[in-house]
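Shown next, in structure tokens, is the structure this report addresses.
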Amino acid sequence: MESLLGFGIFFVSFAGIYAILALGLNVQWGYTGLFNIGIAAFFAVGAYTAAILTTPESPNHLGGFGLPMIAGFVVAMLVAAVLALAIGLITLRLREDYLAIASIGLAEIVRLVLKNEEWLTNGTRGITAIPRPTSVTFFVIVAVAVLVTYWLVERARRSPWGRTVRAVREQEQAALAAGKNVVRFRLEAFVFGSALMGLAGALYAHFQGFVGPEAFEPMFGTFIVWVMLIAGGSGNNRGALVGAFLVWGLYAVTGFVATLVPPEFATQASAARVVLVGVLLIVVLLYRPEGLLPESRRVGPGPD
Amino acid sequence: MSLLALEDVRGGYGEVDVLNGVSLTVGEGEIVVVIGPNGAGKSTAMKAVTGLVNVRGGRIVFAGEDITGARTDAVARRRVCYVPQEKNVFPSLTVEENLEMGAYLRRDDFGRELAAVFDLFPPLKDKRRQPAGSLSGGQRQMVAMGRALMLQPRLLLLDEPTAGLSPKFREMIFERIQAINRTGVSVLLVEQNAREALGIAARGYVLVMGRNRHEGSGALLLADREVATMFLGG
Amino acid sequence: MNGAERSQSATPILVVDGIELRFGGIRALDGVNLEVGRGSITALIGPNGAGKTTLFGVIAGFLRPSRGRVVLGGEDVTGLAPPRLFARGLMRTFQIPAVYERMTVLDNLLMVPGPQAGENLLTAVFASRAVNREEKAFRERAERVIAFLDLAPVRDNYAGQLSGGQKKLLELGRVMMTDSKVVLLDEPGAGVNPTLMKKLTDSIRRLNAEWGYTFLIIEHDMDLVAALCDPVIVMAEGKVLAQGPMASVRANDAVREAYLGSRSVAERVVAGP
Amino acid sequence: MDIVQAILYGLILSSIFALGAVGVSLIFGILRFAHFAHGDMVTLGAYLALAVVTLGQVSVWLALPVAVLVTAGAAIAVDHVVYRRLRRTRPVILFLASVGVAFVLRNLVLGIWGPQNLVYEPGIKLPMQFAGLRLKIDQLVIIVASIALISGLALFLRMTKIGKAMRAMSDDPDLARVSGIDTDAVVRWTWVLGGALAATAGVFHALDTRLQPTLGWDLLLGFFAAAILGGIGRPMGAIAGALVIGLASELSTLFLPPVYRSAVAFVLMIAVLLIRPTGIFAEARR
């Protein structure tokens, strides 16, 4: 019973981190139509920033600041935001597919840096000894973070800002003709979403107590977040939450099944899990492209 | 029996209907012109014949066969050749390659048609190895019509072939249309230059709001006060 | 300024001076000169391909001319980006109505005024009171516009579901959400049924007379032009061919030539009227 | 001398980039979306050849044509099951679906062959030495064969009826239909060519390095960078793009750690986009 509760707390905490990633992506893709397939870059930068800032001194990597967790959260968001600003300034005035290519390139570069710049990140061995609260404390922290994030993005969506970024998504030319600075709105949405992804990274670092480059491979850093948002319902924040918990739940269940498989088939089992997620994405696109909870029609402040 | 008949055709792009009941016929060897204000559905009616538009009601019959909703390449296979108003050439293909694409469905030798097109439009001969995208508007129109002729069409569909052309070019295009027609090709023509078009046509139709408004011989329509009003406000 | 004073006004609000524009090898605009009088409803007519929409693109800052100037309210605005021109009181619509398909009619209207306090992300999230106050004013205006244009039944529908004519009305509604000085309408009458057309012309006339907007309108429907516009500017082949009241333009030989085509071919077959 | 050697290696990489980028560009021109699974199609081709080598006990050169055919068939099958049904939607949806396909393909390979490095034939081949330069026979074959294949493709697009139809459809799909071109057939041909070239690139790259489930993924950015530099949708431009990316990547190893090779391609592409958003080898149109 106790272990079941323990698993429940573990599961919800992990899913909560992905929920924040999915909400961040929703701001970018769901509201604004920005095709970011380099989520892993912002996730990883957030995680490593928090790790470096909060760990005790180590000869293996940059660090020794020993700052409190909250400082890690704030700086992680800032660093992710600055990175997004730089990439956004370059690509957001170009065609939409260029942001896709640039963001995935960024994710690859970040991964290469994490792997190879040992002075900074301790390379493939990763950063250990990141402060780890008890699982219950962490559960509370994640819960608060998810709620605050949800509140923020939902308020943004219902505001005139949310209305204008949707207009930018729908009809760039008309938005221009109505005097909207299209590039500025895109940039804001991109930076906002990326900062949330940085926060998710910082949470992840404290959740695991360890960060290494593998966690930020395209599958877990980017792709699964897309599946969550598309399956849940792009444009809808509740959809993003539902998608995150559902897809992560599915993944966790298959992970449990995989433990029953003899160890010599471990590779096959984990590959099969990813294939399953891929098939899920394709099936959703083919049969329910608007997701489980479609974008709601009524927006704007006031009673709803 | 007429070669082409549209019977109360309704339809349009996506969800919205542009055609609200268009009926017209083209007889064997005839030139028929469709005129009307912008947005009246002239081009859409023509595209409905080629299968590029969703037809939601009515019937389209060509040479006794129902071709409503047929695939676009299947319509071309019946030698119904369509020349769109804009984007009517393959810009990165050479003039000669554009003409070859017109003969795509033919398995026999089409050297004779190639020569005939160059006879009809002499300026193209010198430019045969140039990409069509580098040509002027008038020359593009010649390539576009030439492409359609390569298939030895039974019916030629021309969508505003003189739009944006200078008067000199316009006159020449209209003369060529008559020349093509004299070889036995039926022509359905959508035009803004109503007077010239009606001048060469056996019959004409006036469409308004996706419906037939008037029909009759070219001379009759030219003399009609309402038709005149539509184009010059009286 | 109201409609009664139109065309008599001494200083034109919009001046297009020697605009040239080339696409590839083709000269789409070949030295266009025209003036739009303050408070007028000016028509821009001409055969397809004459360069009318291209000229709109240049005036509204979507296209950069290779030569020439655009002067708005006495200031040279050539090459300014669309948002900057909007801020100076210029609004344009598109030939194919450019509505925000997956947004409601109301939201389509509400997004227009600007800059809005609530468009600042931080203000929007954290200072809701100021935003709400402003929003309330926009909503009232939007509701008036919806009532004016009889769009109430489709107020909460996605704009993508509207008919072509309703989209045209919505575009006009977006104009009404601004305090623009000059409005460029690209074929407001195309694809609009007669009932809506009347609504549309009435609206344009009232907006001109009561709200003080100046209109420059591309239109093919000559009934609409004759009923609504004065003066009429005729373009052909990238140039201005004639301008003046409808009657004088109609009588102009060059215009008849451009519109009806050269008489020679036609006259060989039938005698013209 | 180091520079000349780096250029030589750069040419090998360019050849492989060109084989992939031409496919990406062709698919973009005709199907109008960025095919994200192209890298994993490359991987699939490489491993299919391995399967033929191990099962049939034949040389990799005999296995190559089999791998090419099966990969082309797989590409058509995926199009039939997934992409065909999404053609009426927006390009991003197709792109996203191809991301799904990419992960499925890669993990099928991973599940079947495992994560370890594999080679077609065990043993070390010593490079030939001349004038202080090192080059293996295989590498020479890669360069020559790539040039031959791409010239062949160029001729195919220029001379054959279906090749011209492909260019026509890339220019204007509706006008192609109106001309009587069976656009479904053109789409099938596009996948055949794209798949065949991808499989070849995979076998070549595996010959030059080793087999690895992320082999194609690691090349994918290079394909896109080359295709974009060449002006996406213009297959022959992609060749020039591949040369630039391949050479720049190898030359960068002279002053940067080699692990950043792929990052160089990416940074270079971004730099070019800033200066000329349409790609350097694309003619300015419109």
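Observations, loosely collected:
To keep things simple, chains are lettered A, B, C and D as they appear, and every chain counts its residues starting from 1.
What we mean here is this: contacts are C-beta pairs under 8 Å (C-beta built on N, C-alpha and C of every residue); 3 or more make two chains touch, one makes a residue touch a chain.
Computed from a predicted structure; not experimentally measured.
Path length between chain A and chain B in the touching-chain graph (shortest route): 2. With chains reduced to the mean position of their C-alpha atoms, the one farthest from chain A is B.
We define each chain's centre as the mean of its Cα atoms; on that basis chain B and chain C are separated by 31 Å. Rounded to whole angstrom, the centroid-to-centroid distance between chain C and chain D, based on C-alpha atoms, equals 48 Å.
Each chain gets a centre from the mean of its Cα atoms; for chain A and chain C, those two points are 44 Å apart. Counting partner chains per residue, chain B has residues 133 touching two or more of them. Shared interface positions of chain A, defined as residues touching 2 or more other chains, are absent. Looking at chain D, one finds that residues 285 touch two or more other chains. Per the touch definition, chain D reaches chain B in the complex via residues 161, 164-165, 167-168, 170-172, 174-183, 285. Against chain D, in their complex, chain A makes its touches with residues 35, 37, 90-91, 94-98, 100-102, 104-105, 108-109, 112, 115-116, 218-219, 223, 226-227, 230, 267-268, 271-272, 274-275, 277-279, 281-282, 285-286, 289.
Chain B makes touch with chain D in their complex at residues 50-52, 71-73, 76-77, 81-82, 84, 87-93, 97, 100-102, 104-105, 133, 147, 151. Within the complex, the chain C residues that touch chain A are 60, 62, 81-83, 86-87, 91-94, 98-104, 106-108, 110-112, 114-121, 124-125, 128, 131-132, 135, 156, 158, 174, 178.
Interface residues of chain C, counted against chain B in their complex, comprise 24-26, 47-50, 161, 163-164, 187, 189-194, 220-223, 225-226, 237, 246, 250, 256-257, 259-270, 272-273.
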